[in-house]
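Okay, got some structures for you below.
You will see two complexes here that share chain A, one where it goes with chain B and one where it goes with chain C.
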Partner chain A sequence: MPWGRYLRVLAVLAVLGIAVFPLYWMFVTSLTTDRELFTSSPRLFPDFSLTGTYSEALTGPVPRWLLNSFLIAAGTCLVTLALAIPFAYGLSRFRFRGKVALVIGLFVTQMLPESLLVVPLFAIFRTFGLLDSLHGLVLVDTAFVLPIVVFVLKGAIDGIPREIEEAARVDGCRPLGILTRINVPLIAPSLAATAVIAFFSAWNEYVFALTFIFDRGLQPASVGLASFIGELSTPTQTVMAVAVMYTLPAVAFYLIAQRYIVTGMTAGSVKG
Partner chain B sequence: MTAIARSKRGQPHPAARGATGRRRSSPTGSSWTPWAFLAPGVLYLLIFQGYPLVEELLLSFSSTSLLNPHDREWVGLDNYRDIFASPDFRQTLSVTLVYTVTCVVGAVGSGLGVALLLNAKFRGRGIARALVAIPWAAPTVAVAVIATWMMNAQYGIVNRALEAVGLGVPSGNILDSADYALPAILATTIWQLFPFCSIVLLAALQAVPKEVKEAASMDGAGHLWTFRVATWPVIKPTVGLLTLLMTIWSIRRFELIWIMTKGGPLGSTETLVIDLYSSAFEHNDLGRAAAIGMVGVCISLAVVLIGQSMALRAEKKGGH
Partner chain C sequence: MTHRRVTLATAAAAAGALALAGCGTGASGSDEPVTLTFAAVTFTESGRGEALEAWVQGFNDSQDQVVIDPVGIPFASFSQTVFTQMSGGSGPDLLRFDQADFVQAASSGLLHPMDDILDVSQFPLIEGPDGYNFVDDTRYGVMFGASNYALIYNTDLVEEPPQSFEEFVDLAIELTQDGVYGHAFRHTKDEEPGMMQDLYNFVYGFGGAFSDGENLTINSPEVIDGLSAYQELYDAEVVPRGADAATYRRMFAEGLVAMNIDNGGVPGIVLGQNDDLNLAAAPNPFPVASQGGIIVPIGVNANSEHTEEAAIFLDWMLQEENQVALQEVMGAESVAIETTRSEEALAAAPYLQVFDDLTDSTQPQIVEGFEEQTPELRSIIVDQVLAALHGEMSMEEAMDRAQELGENLVGD
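And now, the complex of A and B:
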């Protein structure tokens, strides 16, 4: 039935077009001249001779914003994994009182919007002098990504046969050693996936950075990029170039780690 | 959801029982060994999620401003009475409802369609699956910035495209129009959410047994019938879970709307979280903000409880 096949090819292409077009358009716009930007028939392909937009975008505060985003994201990734690995192990391997309550509590955190907790956290941060600091953002960003990372890692540890641990125990391995030497290497793919999730959840974070950072030099790229909207002085091409530089790492890493992320999330928290 | 049900599985291995035959609570060590692993994370979440939540609850019963949050006046249920008496808040609730329902139906529905489309065997399927994930991977702020640019009245590609097909949008920016802003934001949100749904559903579709599908098609069953008999029963729990997740995510969703419209024009895109944030940080009314937030959390909780009990009932029904 060739007609059915053509129809399906068309449908797939349409879906891919819808999925990819806005980001493609962002890239094209970043490489367009002013005149073409404002004509009635816009250019549909990028003009690669205009890469000057990018060097222009990289003057001023943009490199600093990207660096801030990177520092916040890397910090969040490290703190999250340091807390989540033992947490997930404890949940997966032990029976204890209050376990069901703890799991429900973890799930409830998924329902709390950032904007709800931003007010009390603002007060706490002011008391402890954490406003206007990158490590302050690491602390809150960790709190919001930790539960999902714990669920994913717990799913991964659930899948490791206990016999392996038993053997290590017989050989005299202590609980912490069992975790670091036996479990951690075995869940490496899930660790990589959760590291990507934690890194980019902080890379993308906006609400806390918007509210807790006043110093423009300490803003991450999310806040910096959003501040361009409504600001008439910045050329559209520059805004789009910054958007491309901010988006590209996230998309690239998600595409590379996609397989592990999907497996991890479906095994860990979504399916069951 | 199922994560909650799964936690019952943590029974100790028989070998973990003590030499006396006494059942121990953990593979090794005493009953507080698990807490040595759990304590750092639990304490962390208590500080950064638990305590602020309690604070927010207390705030919702008091009157205070951001400038001196310790100077609090207890007002009981006044904040709640005020918000429920205001027509603005009723509009906020209805916008939230429309936004959430449309997002969930749109994202899960189109996600399912795309998953079925990409589940068939064809050349380049792997690439297609990767490309479809792109909107999910893109940072929301970048998405908001691109969408705003694409919907610009004079230069935006959306207006030009609509004009080209003869569907001219009335003059002005789409996002400045009380009629078009919400549909525009909905389209952007669904664009961003459907890939997650289709990726998760694609994973669920792997579990549909081939034999059942083949048997159904050998019986001369049409696509729809095969779907109902072979596919739907397998993916139903996943669809339910996605519906729940998308509901919670839509109620929480802030930055896309904040960046694109800040809740305007005329409150036409003002959801609970937008109202909450602007009450706190633009109108400096922390009590009102907290009360709005608590209403939002209660709605989310109610949705989860209803979803959970529906899932349980379905499980029981399937059990015998």
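And now, the complex of A and C:
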């Protein structure tokens, strides 16, 4: 192999190492004794005799937290896409009064931090009985991620030639059919990408989940993980073990979605 | 996308919606016991949290009218979370607060007056700390716990505890070697509440206070002496810089920190992490025999629809046998009434007596006369102390600046 290729491989491995090492270190720390945590040269490899930390975590509330997180993230993903697709299509294809103001309004929502909105939203959610429920968190997470998803999808729909839609219309396709049967397949890569954005946004959300949920059985993993951080002590190995379990489903979802992103990106790139 | 995929996606969406629909809290029947939520940082504490939950379960098992559901909220976000919930007309029914937050909540009308629902005169409450459960002469809480600060040390590293601050510094420097640190305290902005607790010890221990009850005295000579002593230890590099409290307490448990000025809850925590640790306690090695103490009241949320049921729990909590059980959970902390520790408990943990003996000389960690503004004053003082630690100005200049900002805040 020529030297140039060796160097490229080394560079790729180095970048991969930098990206993956924090996850690896999290795993090693979860399988390390207290004393080894504070030595000047901590162990580089995990001690698999200490996997009891994982068994203890799995017999506790962690599986429930992960299930709650999954329901919130999947719900946010579905609701966001269901709302964003027609919204983006409307912005892309139709001219109507107040369109610019609507777009600016969407941008403005992205400029407000969660901590500023948590108090008024709490009062609104209380009025509508949405506190202490996963539905409520799906709604609030959807509200925060929807503008980004709409903008990404609008950009994707803008890139579809109108002639394709006109041809479908000539063939008798109705407007809803044009959206679902023509546009949606063509923007599949963007849909996959925005699904990942929506899923991760809800999976990682903390402030609203902490404030809006009182019932411990409904807490998501982001809040559950933080609940290990006590006033006087923090069980580092348990935190790291739960963090590993918290990370893996999200990575799995990304890997599944990533296949569609790549497939979609390359689809139609070659004429013939 | 094929028809099949669209159908599958629709079915998945419907399934998701149905799954979510089933995840709310269910309505309870009228003949079921009333469930009250009780929020406390302690429930998140490894070891002590489980013990406190077991203590609460003792109440749940004792009768069939009320069920207490413990809610653990992380220390760093406790205030923000419960204040948001309470300001929004909701929140936990019962709350275990730090005193500064308690005063702020009571002053803002977020707590239910206690005398309306509970006759505390039947209980022999400890007068000193109990006095801090009142705001504007109205009782809003009863003491859940009071924790004094003392010098905790590892007897394998420290033969005799230091008797003066000079001895303390010399010993801390001598012991700082081979991965072991002589001392540890909080010194970062992200631990602002805890750092302020540590600062109170130095300020009180050098005869100072952040106010005289009517005026702020943040730049008084005694305060500057105390905070300069804090800085002296920081500059001597005898503390593990960057380590948060949870980390250096684990280091203490592993014999990697020799001395630590900390509250009565800590010995139980570190011994829970390493029961082979040889630990003892002594009064703080400062010129004045005075230190800070965490006084933690429990109050009833003004939004609660079950204040009478909350009173049933508080009544149970104040019974002597349940106070003794609570004190066992909380370690070297005091509870609401005077209790006598067993000979066995004192023999097994002699440090308990050291902490108990300090109650008379303990002062609350609030700015007297400015209780409501204590959280904002805390932020100002910590910011300026950090500026001095980082070499941006002298401690005297930093406290002059804090005094000026504090006066602007309180309108003096």
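Here, the second predicted complex is superposed on the first by the 216 of 272 C-alpha atoms of A that agree within 3 Å, B and C clash if a C-alpha of one lies under 4 Å from a C-alpha of the other, contacts with A are read in each partner's own complex, and residues count from 1 in each chain.
By definition in this document, contacts are C-beta pairs under 8 Å (C-beta built on N, C-alpha and C of every residue); 3 or more make two chains touch, one makes a residue touch a chain.
All of these numbers come straight from a predicted model, not from anything done at the bench.
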Which partner does A:T234 contact after superposing on A: first (chain B), second (chain C), both, neither?
-> second
Considering only touches as defined above, state whether A:M111 meets chain B (first), chain C (second), both or neither.
-> first
Return first, second, both or neither, reflecting whether A:L58 touches chain B, chain C, both chains, or no partner chain.
-> neither
Thinking of the overlay built on chain A, is A:I160 touched by chain B (first), by chain C (second), by both, or by neither?
-> neither
Please work out whether A:A123 is in contact with chain B alone, chain C alone, both, or neither, and reply first, second, both or neither.
-> both
After lining up the shared chain so the two structures overlap, which partner does A:D132 touch, if you call chain B first and chain C second: first, second, both or neither?
-> second
Should A:R35 be classified as contacting the first partner (chain B), the second (chain C), both, or neither?
-> second
Which partner does A:T211 reach: the first (chain B), the second (chain C), both, or neither?
-> both
Using the touch criterion from the header, give the chain among chain B and chain C with more contacted residues in chain A.
-> B
First (chain B), second (chain C), both or neither: which does A:A226 touch?
-> both
Please identify the positions on chain A that touch both chain B and chain C, taking each partner from its own complex.
-> 37-38, 40, 115, 118-119, 122-123, 211, 226, 228-229, 236
Within the complex, chain C is touched by chain A residues 34-35, 37-40, 68, 71, 74-75, 78, 82, 115, 118-119, 122-123, 126, 131-135, 138, 180-181, 184-185, 188, 210-211, 214-216, 218, 226-236, 238
Contact residues on chain A for chain B in the complex?
-> 8-9, 11-12, 15-16, 18-20, 22-23, 25-26, 29, 37-38, 40, 42, 83-84, 86-87, 89-96, 99-100, 102-124, 139-140, 142-143, 146-147, 150-151, 154, 158, 162, 165-166, 169, 174-175, 179, 200, 203-204, 206-207, 211, 222-223, 225-226, 228-229, 236, 239-240, 243, 246-247, 250-251, 253-255, 258, 262-263, 265-266, 268-272
Can you list the chain B residues touching chain A in their complex?
-> 1-13, 15, 25-29, 31, 33-38, 40-42, 44-45, 47-53, 55-56, 59, 66, 69, 114, 117-118, 120, 122, 128, 130-150, 154-155, 157, 160, 191, 195, 199-200, 203-204, 238, 241, 245, 248, 251-252, 254-255, 258-259, 273, 276-277, 280-281, 286, 289-290, 293, 296-297, 300-301, 304
Which chain C residues qualify as touching chain A in the complex?
-> 1, 6, 12-13, 16-17, 19-21, 23-25, 37, 41-42, 44-49, 69, 71-77, 80-81, 84-85, 87-90, 92, 179, 194, 245-247, 249-251, 253-254, 256, 263, 265-266, 269-270, 273-274
